[in-house]
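These notes open a run of structures that come right after.
Two complexes, one shared chain (chain A), two partners (chain B, chain C).
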Partner chain A sequence: MLRLGIDVGKQRVDCIVMDEKIRMFYVSTRSVIKHPLSGMKEILEEMKQQGIRLSDIKQVIISASSEYEEGLRESEAVHVCAIRIGSSQNSLPPFYEVTDIVRETVQLTCVELSGGHYVDGSPIQDLMMNEWNEKMDRAALPEHATFAVTSAFSPVNPEHEQTVAQWIQKKFGEGRAITLSYEFGSIGLMERENAAILNAALSSVIPSLFQNVKQVLRQYDIHAGIFLSQNDGFLMTYERAISYPIRTLHSRIANSLRGASLLAGREDCIVVIVENKRLYIGMVEEGIPKLRWSKRDIAGMYMHVHIPEVVMIDNIIHGASDEVLERVYQATQRFQPPYEPLPIVFVGNECSEIAGRFHEPWAEVIQPEYFSYASAIGACMAPVGGWIERMYWLSEGTGKTQVIEKAAAEAIKEAILAGAEERSIALQSVKVSPLAYVPNQALRIQVRAFGNFA
Partner chain B sequence: MRLLGKQEIEDIAVGAALLGTGGGGDPYIGKLMALQAIEEFGPIRLLSINEVPEDALVVSSGMMGAPTVMVEKAPSGQEAKKAFKTLEQYIGKEIFATYPIEAGGVNSMLPLALAAQLGLPVIDVDGMGRAFPELQMVTFYLDGIAASPMVIADEKGNVNLLTTIDNVWAERIARAATIQMGGSVMFAIYPMSGRNLKESGIHNILQLEEGIGRTIRLAKEQNENPIREVLNLTKGFELFNGKVVDIHRKTETGFARGTATLEGIGKNKGEKLQLRFQNEHLIATTEQRLLCVTPDLIAVLDEETGLPITTEGLRYGARTVVAGIPCHPKWRTPKGIATCGPGYFGYDVEYTPVELLVKKGALLG
Partner chain C sequence: MKQTIIEQDVSQFACGAKYLGAGGGGSSNILELLTKRAIREHGPVQLQHPFDVKETEWIIPVGIMGSTTIMNEKIPTGWELVEVLRAVEKEKEIRAGAVAGIEIAGINVLTPILTAALARLPVIDCDGMGRAFTGIHMTTYHAFDISLAPLVMTDEKRKSILIQSDNNEEAECIARNTVMNMGGWAAFACYAMKTKHMRETSIYHTFSLAWRLGRGVKKAHEDIHQVVRVLMEELSNSVYGTPRLVTKGKIVEIYCDMKEGQLSGSLFLEGRGEYTAEQWEILFCNEYVLCKQEENVRVMSPDLICVLDADTGHPVQVEELEKNRNVWVLGIPSPPLVRTSKMLEVVGPETYGSPFSFLPVESLYEQMDAKRGVGHATAWD
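This part shows the complex of A and B:
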């Protein structure tokens, strides 16, 4: 049983073949010339010549930190119909603050519908079928339009988004890509809406990026499940990923952290990644990269993404100067626990010089073999996972314990949809937080679930 | 009069977050609304208090309730328009200008957006000089100025006009109504004369917020220490340099209450700081001594960027500088301390000005 890992970076593509014990059978690096996956055939040919039985490959894992803007620019016609369901009209428009490139590439039709929910999940107003029909007829959407549906307080009650999704299918056929904002979790209508629109735009682009991969694999007798890396470093099936492309844009750091921990054989460690004249310092706890919710600027807009907590040191022109070493030391201290310092693992294709000069009197410093393939290796060894963020309104009969159980069940469902085997699923990081400034019964719950390949 | 453009708005948002002392809500949506209003209606007119006629009617605008709910409702400005109209009709006088009720978070930004939409100027005065959680925690209250008649309005079109016997009742009734109206409302409150605002308000507060934002931005551009520059500007003190090692958030009451423990680094190595918050940071103590307590301001800043960290954003491992900034002298009167000092928030500590605490610490050390 082998795994093929394809790690698509900005400048180069790393390819590896390994087994689940991290024994490496093939490694290669190519610079990206045209399409990142254009060299696939050559690579597979080379593997065959080296005597690798390609039919033994059972999983293909693709991690693409490719640029969304590239993908959008290359495609010709991207049209998103943004449907906003709520009670207030004429407030901030969707895609406010988006970068010019994305604004120019993505045609946007905005439709406002009455409806949505209150913070306690009760409806503000029912959806109206006649309003829907009237407004959609007037919108005159092109054939290739995809949909992004955002409803007020959908993380508490997604009913109206789901109903509109059914209406879209009825009116425009089953084949249309539909993104529902509640699946992106975070509170903040506009952030969720922007994420949904960007996702809807990418979902009409991504399938063509990977179109040929399946075909080429089949030519070489590889009948494997294809998985994509998510931003948090967990995997999901290709079939699921094409509906959530926005979740797969920033996986490289998480993969490198996991890869470093595996290569060094240290479940808990601090990792220094050095590549493209940049340093990223992060942490792995019990084999899992330490993550945080952060507001990231994606295409000019702030969005909530679950990505590793890292300190970035930019623009290292002078390599391992004393100043750089001091900054690396200070950054590692951010993660070091007060007693018994954790080992520090260096990975990334440019790490050798800094790792060689880095001295820490109390902590072990490791530069493992295959350090420049940490990202591809980490992706190959990642579990399959899913997460949810929901808001619940506590009432009599619905206590904290019940809603946590409910959220956990939903996260497990997500993990199964992502391709995890049900019996292997474990839960990680249940986070519960209240709302500020109103004495109320609202709880935000975030849960992640993950397991082995089904 | 000055005109505020986009850069000024960006700077004010950073300053608002710092004076928000960890609370006040994320200024982000307010900032976007202000930026969009500028695009649509042109720059915002900012008046100094001396440009306001003594008998002019001025009214504060902003939001009440959970900022988290507000960002979900996506307010449009219609709510505030209605609130202002209703108040004008009741009082029988035209509103001359609006002003922020507090310095901090979302309510620093909303009056700017609303002013642009309503075509009114904004006055460079507020009622707190920082952020506080309740409507009566304003310097106007100390001078006996009534919060009502006040109006709260929601996005559905509901408008409530309240006249109350005092400001604590205004807070109680409005808070209860806010929950019924879906958890967040827009308000028009503390209508008063230009003379009253001048005597009772805290002057040049937006100018200070903008200065803080600009100082942090320029210090970063010029590779200088943003925290030192900001403390110079605000006459504040660096109280503690530490790393967050523990956070406890209590969820039972629904308020964002909690305690963060910071372990000293650098000159504070070996010490521990306890930071207690209820929406805002309210009290900072080490094992030996009190460092700063409300109504003085406690700001937690990211050691690297100098940017303020909210109570929600506090995370394990964050390396921070905890700064103490003296509050406006009006808060240091007996009534001021009774209104929003440690006793009101349930802490059994006597209020001592931060500069005295810093001096005492220096004597002991």
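This part shows the complex of A and C:
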């Protein structure tokens, strides 16, 4: 059984074929010329000539990063109906800071409904069916419109978002793509709303981007499941990914971290990635990249995305100068525990020079074989996974243990939806944190679950 | 001095004010955008020196209290601020000639500018804290006997509450208890006073300072050495005075607890670089309160303890604290008005349960240097 990994970067596409034991059968790199996936046929042809039995490929894993603007520009009509459910009207409209390209390509209809919840999950005001009907009739949406629904404190109580989703289906039919913001977890209405809208826009574009890939694979007798890399480095099925494209935009670093750990054979390590004149320093714990919420500029808007925690060092004009080495050393110190330093693994196609000159008296320094394919390998070997982040309000009758159990069950459901086999699912992490400046009944819970391909 | 606030200045105010938060103040992208939009739609805002306003004019300080986390979810429109301003005017039967700041940190550097833009009024370049504090009675206005009441609070559904009381501490206490019932945050206006009193009781030029800090820090491109240089230069040239580089270290432990909606606890630092082998502890209660090296106190409230991320030069708020982070700690002298005895009654170290009485950061270091018998070298880069 083989896996085909396709790692689409900004400048090059890496392809690898490997088995579950990380044995490599084929590696190839091509620079991106037109559409990143246009070279697929050539690559498959080459593999065939090298004697690889393409029909043995059971999974195709694609990690693509930040190609959303391309995708949006190429597509014609993208229309998103943004529904905001809250207690104040006429505040900032959604997509306020978005880049001109996205503003021009995504037609936006904004509808404000009264409703939403307080921080404790109780309703501010009930939804009103007549307000909904009246405003949607006036909106005159085109046939192809998709929906993004955002409600105040939906990570605590998603009820209003779910109700509106039902109303949408009733009014516009079952086929419409609907993004509910609570699934993105972060607190901050505008950010969640922008993420939901971008997701809704992309979900109408992604299917056409991958149409060719599916056809080409079939031509070469590859009947494999297609999986996409998520921002946290876990995989999800293509069918699931088309509903959550925004979760697949930043997977490259997570994949490189995981790949480095696998190649070096170190479950816990600090990783230095060197590519495209940039250095990224991050950490792997028990084989899994260390993640955090980070503010990212996506299409001009700030959004919180759950991606690996990395220190980035820009512009290495001087190659491996003492200054750069010192900065790398300082950055690794950010992750080193106080005692027993972790090994430091160098990967990425430009890592050799720095790895060669980097000396650390206390820690092991490793530059593994296939270092330039770390991202593709990491993607290929990743488990299938899902995560959820919710807020809970503790009260009498709803204790901490109960809400954690509830969250865990939801995360397991997510992992199944992402394509994991139910019996193989394990919980990777359960993180419980209080919310700043909010009474301590409020808990934020993040759970990640993963398993094998179903 | 800065005189006209245009749209491009807004992010500089927001960025600079973070350095004056002493770990508190919160942050809000939406408030920044609302302020930019208000200036774009209603025109630039005039920032006036306290002596450029007529003595008989009424000034009303405004702000937002409660949880910024909740405010980012139940979002404001900006008009709540105008509403509280108008309500105080109505209650006192006056007309405001300008707005001023309550605190100069976090989101409340923007709230007066946003109010001013929407209400077409100038902002006076002054505030009542010179940093962030948790309670609205912790101001120089209170220390010099300005009445907090009438205090008006309004939420995003435009529901208002008026608080009348002769006792400022009581008024603050009612407001604090009310804000959670109002849904977690509220715009408020209080301490209405004549220009004459504003001149006597406020800390001058803190808005201009926040703007200058923001401008400098943005040019520093996340290089901690440059950021510290900017802070040293701009603060030395202000009512605050020259900051001290207290230590550089790695956060090895954080103890944190939520008590009555306050984030309190302490963090432990292990010295790095020229501070290797030093053990530090910083106590916090929404803001950083006390900083000590083993048992020796080095900085105490109301002086500002500023914790900077060594990788980016960004200030680290209490809510953002994380283990293993490398940080630099600065001690910034608080403005003289904040160190007066009545002010210390509400913000001095004793109010946080500390056994120490306030000593300025400068004298703590003088004592230490005298003990060592050396002149302290300003080794901050």
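Just a few scattered comments:
Here is the rule we use: the second predicted complex is superposed on the first by the 448 of 454 C-alpha atoms of A that agree within 3 Å, B and C clash if a C-alpha of one lies under 4 Å from a C-alpha of the other, contacts with A are read in each partner's own complex, and residues count from 1 in each chain.
In this text, a residue touches a chain if its C-beta (ideal position, glycine included) is under 8 Å from a C-beta of that chain, and two chains touch if they have at least 3 such contacts.
All values reported here derive from a predicted model rather than from experimental measurement.
Once both complexes are superposed on chain A, the partners chain B and chain C clash. In the overlay built on the shared chain, the residue A:133 is in contact with neither chain B nor chain C. Within the superposed three-chain model, A:119 lies in touch with chain B and with chain C [touch as defined at top].
When both complexes are overlaid on chain A, the residue A:443 reaches chain B alone and has no touch with chain C. Of the two partner chains placed by superposition, chain B and chain C are both touched by A:335.
When the two structures are aligned on the shared chain, A:432 is found in touch with chain B, with no touch to chain C. With both structures placed on the common chain, the touch criterion links A:96 to chain B and to chain C. Contacts of chain A with chain B, set against its contacts with chain C after fitting on chain A, overlap at residues 86-92, 96-97, 118-119, 124, 152-153, 187-191, 302, 311, 333-335, 338, 434-440.
Chain A meets chain B in the complex at residues 86-93, 96-97, 118-119, 124, 152-153, 187-191, 292, 302, 309, 311, 333-335, 338, 400, 432-443.
Those residues of chain C that touch chain A in the complex are listed here as 26, 29-30, 33-34, 37, 66-70, 72-78, 156-157, 180, 183-184, 250, 252, 258, 260-261, 263, 270, 286, 310-311, 318-319, 324-326. Residues of chain B touching chain A in their complex: 23, 25, 28-29, 32-33, 36, 65-69, 71-79, 133, 155-156, 175, 178-179, 182-184, 243, 245, 249, 251, 253-256, 263, 265, 279, 304, 311-312, 315, 317-319. Taken together, the chain A residues at the contact with chain C in this complex read 86-92, 96-97, 116, 118-119, 124, 152-153, 187-191, 302, 311, 330-331, 333-338, 434-440.
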